[in-house]
Amino acid sequence: MFEPTAFDLSAIVTGVVNGLVLGSLYALASLGLALIFGVLDIINFAHGDILMISSYIIYLIALSTGNPWVALLSSLALFALFGAGVYRGIIHYVLGKEPLIQIAITVGLGLILQNLALALFRAEPRALPSTLFPYPLSIGPLTLSANRVFVALVSIILCILVHYYSTRTKLGLASRAVAENREAAWLMGINVPLIYMATFTIGVLLTTTAAFLWMQIGPVDPYLGTIFGLLCWIIVALGGLGGVAGIIASGFIIGVLDSLGSMFLTPSGKYIPMYIAFILTIWFKPRGLFGRR
Amino acid sequence: MLRSLRRREFPRGNYLWIVVNGFEYFFASGFPGSVRVFIASLPGLSGLHVTQKPLIRIKDNNSNTKTHHPRVNTRREVNKFKPTIYLQLIASNYRSVTGLYLRLIGLVVLLVAMYIAFMTSKYYLLFTTNLVFFAAIVLAWNIIGGYAGQLDLGSAGYMGVGAIVSSILSNNIGLHPLISIILGGLSSALLAGAIGFPMFRFGVREVWYALSTAAIVVILNNAVRLLIGPYEYYLRVRPIKTYDELYLATSIALVLVFLLNYAVNNSRLGYYLKAIREDELAAEAIGVDTRRYKLLALMIYAFIVGSLGYLYVVMIGYFYTYRFFDTGISVSIAILGIIGGLGSIEGCLVSAFLLRGVGEYLRTSLAHIIPGLHLLLYGAVLIALGVIEPEGIPGIARRFTTLLKTTKRPMGGVK
Amino acid sequence: MEGVATKTLAIVLAVVVVVVAIGIGLYYMTAPPAPTPSKVNEVVIGLIEPLTGKYAVFGQEAKQAAELIVDIINNELGGIKSMGGARLKLVVVDAGGSPDEARIAAERLISENRPHIVLGAYISRMTAAVAEVTEREKTILVMDALVDDLTERGWQYVFRVAPKASMHGASAVDFVLDAAKKAGVEVKRVVILNEDSVFGTYVSNGAHTEAVKKGIEVANHITYPYDVADFSSILDTIKRSNPDFIVMVPYFSDGVLFAKQFAESGLKVKFIAGAGGCGFTDPDSIKAAGEAVLYYTNTYSFNPYRNTEWTKKVVSMFQQRYGKLPTEAGGIIFYSLFTVYEALEKAGQMFPDNPLNPDNLRQAFLSLDLNDSNSIAAQLYPSGRIKFAPNGDNLYALAVVLQVQKINGTLTPVLVWPEPQPGVSVVFPRP
Amino acid sequence: MSTLLETRKLTKRFGGIIAVKEVDFKVEKGVIKGLIGPNGSGKTTLINCITGVHRPDEGRVFFESRDITGLPPHRVAKIGIARTWQIVRPFKKMTVLEAVMTSALIRVKDLSVARSEAVDVLKLLGFTEELMNRRGSDITLVQHKLVDLARAIVLKPKLLFVDEIAAGLRPVEVEGLIDLLRRVHRELDITMVVVEHLMTFIMKLSDDIAVMHEGQLIAEGSPEEVAKNPRVVEVYLGMRV
């Protein structure tokens, strides 16, 4: 089965570019997770499944209305409620509890979402029949799928927006203050519970947008969450909690490892280099490659 | 019950010998004693154990009492002592010995009863065997996850490695199954050591530990499939023919793992691990070599799970490499362990038997109506757990007992 | 202390009592039935399929198909005539997601329902677990799992009507070569692309060997994981190995993803032929991938367009009952169950005194030689002939090829190989 | 009087700030030594450097004239330096007795011996059997501090660091603590370093006192001398206690 492709420069270039395109989506998908982990210090193992369920919602709305943008907006509204609800209903209770309990409870949430999806939508894959840009895009020697490039660009833009949110806006700064030192933030008169709920909701909304972008390029089935869950955590681990830039960078790294791995090793073994990289990072730079905290 | 512990003649060696309300009692200390206890006490309902040193208090003025260890002590000496001083000692010793004794009997009786109940139907027998098997795995997980408090999601990996190694050894090389089981266990213990040493050396904890172990399962899954191809590998050597034998083997495994858990629980290792779980730095500061003991716990757990792997292969008749290492399995093991309450042997048994039993039954009976109902059940239980009773089954049990006995005094409460 | 001790004992005793009570209950529930009398009035058919988890899609359809066929046999054909019109009784159980669960399911079926014949279980590793049980119980297992080595284990009581995995791969290659010859297009290089499961591996190896045999150069053979999220780099690898056509063995959602991404990639190959099980051509994939899978083909173990009375009839009945075209999973059950029916009839004639004895049943199966004229099963089978080799495989196994074409505006899978269905011609190469 | 512990030019930096700066700290055998200084003057950091929680950037630590610089905490504990924590680190899911037993088990192998020793120590600290069998999760702050202390002294250490044990306690409790520490010192003859920022507490307890300020030792001597020392006065008036 091992048949590594001939090792030449253009291959590497294309591989890297593909990796970056893929990585930017990964980065966006992980951003919500990183935000929640950074500010609330909640270990969310249901992240992938939240992405999965929102992909389904987006798919259904898009199919019924026939307009992806309507789907995006309405599902954003929906998942704002969902996020707030989950926070009040579940996360709220495990704030500051030991990690094991947080993991347990979020795994539970994930199981419920996954099997609800299985019960409601059955196991076959669903995808939007029409894509936004169904044509190739050739830049110099390499041709890319315009659709994926679009997705990548949107992801990057969103990441930058989030960066601005966390460094410029009042809410963002407040949440960072909470992340740095909760008590101090309290004393400064920041309404910590509000910040928590807001941050969690924003995290969920970011995931929803990621889901929207994913639906532009791929299908969803109840097990989509398992693809993204571990991956996003790995990106957060690599990026550390050093802010958006770190996440983007590690998203890129994972993406490039992914595509180069499947080009020069074999797609069937591409996870090996990715996960080994992750483990080594955890060993030697526990705070991540770009971590501040 | 205490009466049953009465003994006229003294056992050889050292012991704690006390008189309470006119009865003489012998009392044991913990591991390794307690395991010897169960062996020593199978003949005759004595539940006695031989401690290294007898603990006899001479003076009793609440404070500055000193402990010394006289060689022999006559009844007259003993009679001088006021029983109350020892009650607390008695309590704990009594628990550690007779408690094990009772629980062991309980477990064995339960296993036998289940066999008697289910032997008529191959289906229920296999079903039960499966439950017993996973109960054993959950108990093994309890050592690293429950006592040491490390959320390990690698069980599928260790089980798989052990399973494959031992099957290949017994099948292709033709080693005796027992030897190959042990070698399989060792190999996965070695793997665990190789992974665990740097992991603890670099202080990987909490979520990062969980993720790394999960990642290792994924790596193994891909690596093994690439190495030997995604096929089913059938056992030609079948040491275990019938389900009755399989049930016996699995039950023995469970009892062994149970005893091992008990041993850990009542040994220095156990106390160290619990201290590590509670507060690693504090444990370090009182002189616990946290790295060393975490690694030890990890390797013990990996060894058990690895050797159990062969039983899994026997259960289905072959091993396969496509999605054999499944993080889903690891996660559900950890879930059962957490629900069982970290470090509670009974809790783990209950959650493994009850929760998984109900879940599997739901799956086999209602799957075609609501697919994944059992997983929904797990999810609900987990969330309820996190919100209501983070300490799992023992926590719930404690609530009930405190509700029941509000007047009853704790062991030493003679006032 | 007495309190603690006695309480513990009490609990243990309580548990024991409960357990034993349950056991006694079960004992009466699962008491073995009386030995089958010479006058049979009911034949129990067990169906073990994955009804939950990733493979539920196939299991669910197999269940529907089985229910339909059993109704037909009982109501229209009046049961098994040679056994005095004995009726078929269908029992369905869930194979779950892992072999140990599948094995438990098999044991449950056997011990609670005592089926005379078992069908299942679509996924090779589950089927193997089931076979371990049926062999021990000397119960006939008619497999709808295609992986080759299931019939090479020396199992005595297994039969498989459907074409095996490697044949799917081979037929995909053969079809492309035929079509190319007819269209006067030259094809020399192929890239084989498969999901790295057992099934995918067998199918792709079949294609590989066939291609080599037919003198086609295999430019590259790529395997990928089922949970692939991006085909870009794979497409790039394909591009630089510059094939004339691609043989792909998708699992399900990865097929959709591939088609969508291929459409966007601007990559040009003369043809893309899917091989094995559920590929590009079944309704769900078409619904999901849309225009992207236009003119894709896929090999099929079942020919829903075969021009025989019973194929038309069963397919239309299936469609009006469940509102969808039967796919692979359903089709296999159609002819497998009808083959079972023929075998039972035969057994009734050959061994009137004890037709349901497994060895007699086995004899009956082996003595079958079915063709369109003498049986329904053969009419539903692509090659129109069913005859079992001693290892349980069908000697006349055949896979057909469907192609997604636009028939008055809607994407529909149509038969293009071995003979195109009336009014249809293969579109080759892809425009 | 022989020197038990000695640090030479001990220095610890955190990023830019220097928490401990070239400290030469001596503890004679058999004394109760006070170590005072305003909050953030580096007292706890000093202890952490000695007990191996932090690795000092410069300087060395000698215990019984043996270099123990940079040993991991568990080694330091084994050679006879125990400590308590400024913020208690309780073993919530274990009973008080088990918690103390755990550290008793560092020295003795046999459970029942460990148990009896733990019982001795806990009795010494005034725990009833009923209290001993309570879980760490349901005892009061002062009891936590005592358990913390018990965990340390059951190690039979040669040197015991008591880090701000009075912090957050009511005056009455503090009085009790002073007696208790004296008693521990007397009966188990453990040399102690008592860290506090409350002058009064230290004055009552210790034989001689070292004063830290901004990471440096600024004065050392008997309580009276220290009390008179102008720098100390200045520092303490500077940040009124």
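Here the chain labels run A, B, C and D in written order, and each chain numbers its own residues starting at 1.
The definition used in the following text is that a residue touches a chain if its C-beta (ideal position, glycine included) is under 8 Å from a C-beta of that chain, and two chains touch if they have at least 3 such contacts.
This is a predicted model, so every value here is computed, not measured.
Participant: Which chains, if any, touch chain B and chain D both?
Facilitator: none
Participant: Which chain's centre, taken as the mean of its Cα atoms, is farthest from the centre of chain B?
Facilitator: The most remote chain is C.
Participant: In whole angstrom, what separates the CA-based centres of chain A and chain B?
Facilitator: Computed from C-alpha means, the inter-chain centre distance equals 38 Å.
Participant: Using mean CA coordinates as chain centres, what's the gap between chain A and chain D in Å?
Facilitator: Distance between chain centres, rounded to whole Å: 47 Å.
Participant: Rounded to a whole Å, what is the gap between the Cα centroids of chain B and chain C?
Facilitator: 43
Participant: Hey, what residues on chain B touch two or more of the other chains?
Facilitator: Residue numbers touching two or more other chains: 91, 222, 225, 342, 371-372, 411.
Participant: Going by the contact rule already set, what residues in chain D reach two or more other chains?
Facilitator: Residues: none.
Participant: Got the chain C residues that touch at least 2 other chains?
Facilitator: Where chain C meets two or more other chains at a single residue, that happens at 52-53, 56, 60, 196, 225.
Participant: Could you list each pair of chains that touch, in label order?
Facilitator: Here the touching chain pairs work out to A-B, A-C, B-C, B-D.
Participant: Quick check on the complex: what are the chain D residues that touch chain B?
Facilitator: Residue positions touching the partner: 51, 53, 72-74, 77-78, 82-83, 85, 89-94, 97-99, 101-103, 105-106, 109-113, 115-117, 119-120, 123-124, 128-130, 132-133, 136, 151-152, 155, 187.
Participant: Quick one: in the complex, what on chain B touches chain A?
Facilitator: 149, 151, 198-199, 202-204, 206-208, 210-212, 214-216, 218-219, 222-223, 225-226, 327-328, 331, 335, 338-339, 342, 370-373, 375-376, 378-383, 385-387, 390
Participant: Give the list of chain C residues in touch with chain A in this complex.
Facilitator: 52-57, 60, 196, 220-225, 227-230, 232-234, 236-237, 240-241, 252-253, 256-257, 260-261, 263-266, 284-285, 287-291
Participant: Can you list the residues on chain A that touch chain C in the complex?
Facilitator: Counting only chain A, the residues touching chain C are 1, 3, 5-6, 11, 14-15, 18-19, 21-22, 118, 122-127, 129-131, 133-136, 138, 143-148, 217-219, 221, 223, 226-227, 258-260, 262-263, 266-268, 270-271.
Participant: Can you name the residues of chain A that touch chain B in the complex?
Facilitator: Contact set of chain A toward chain B: 1-2, 43, 90, 93-94, 97-105, 107-112, 114-116, 118-119, 122-123, 226, 230, 233-234, 237, 266, 268-269, 271-272, 275-276, 278-279, 282-284, 286.
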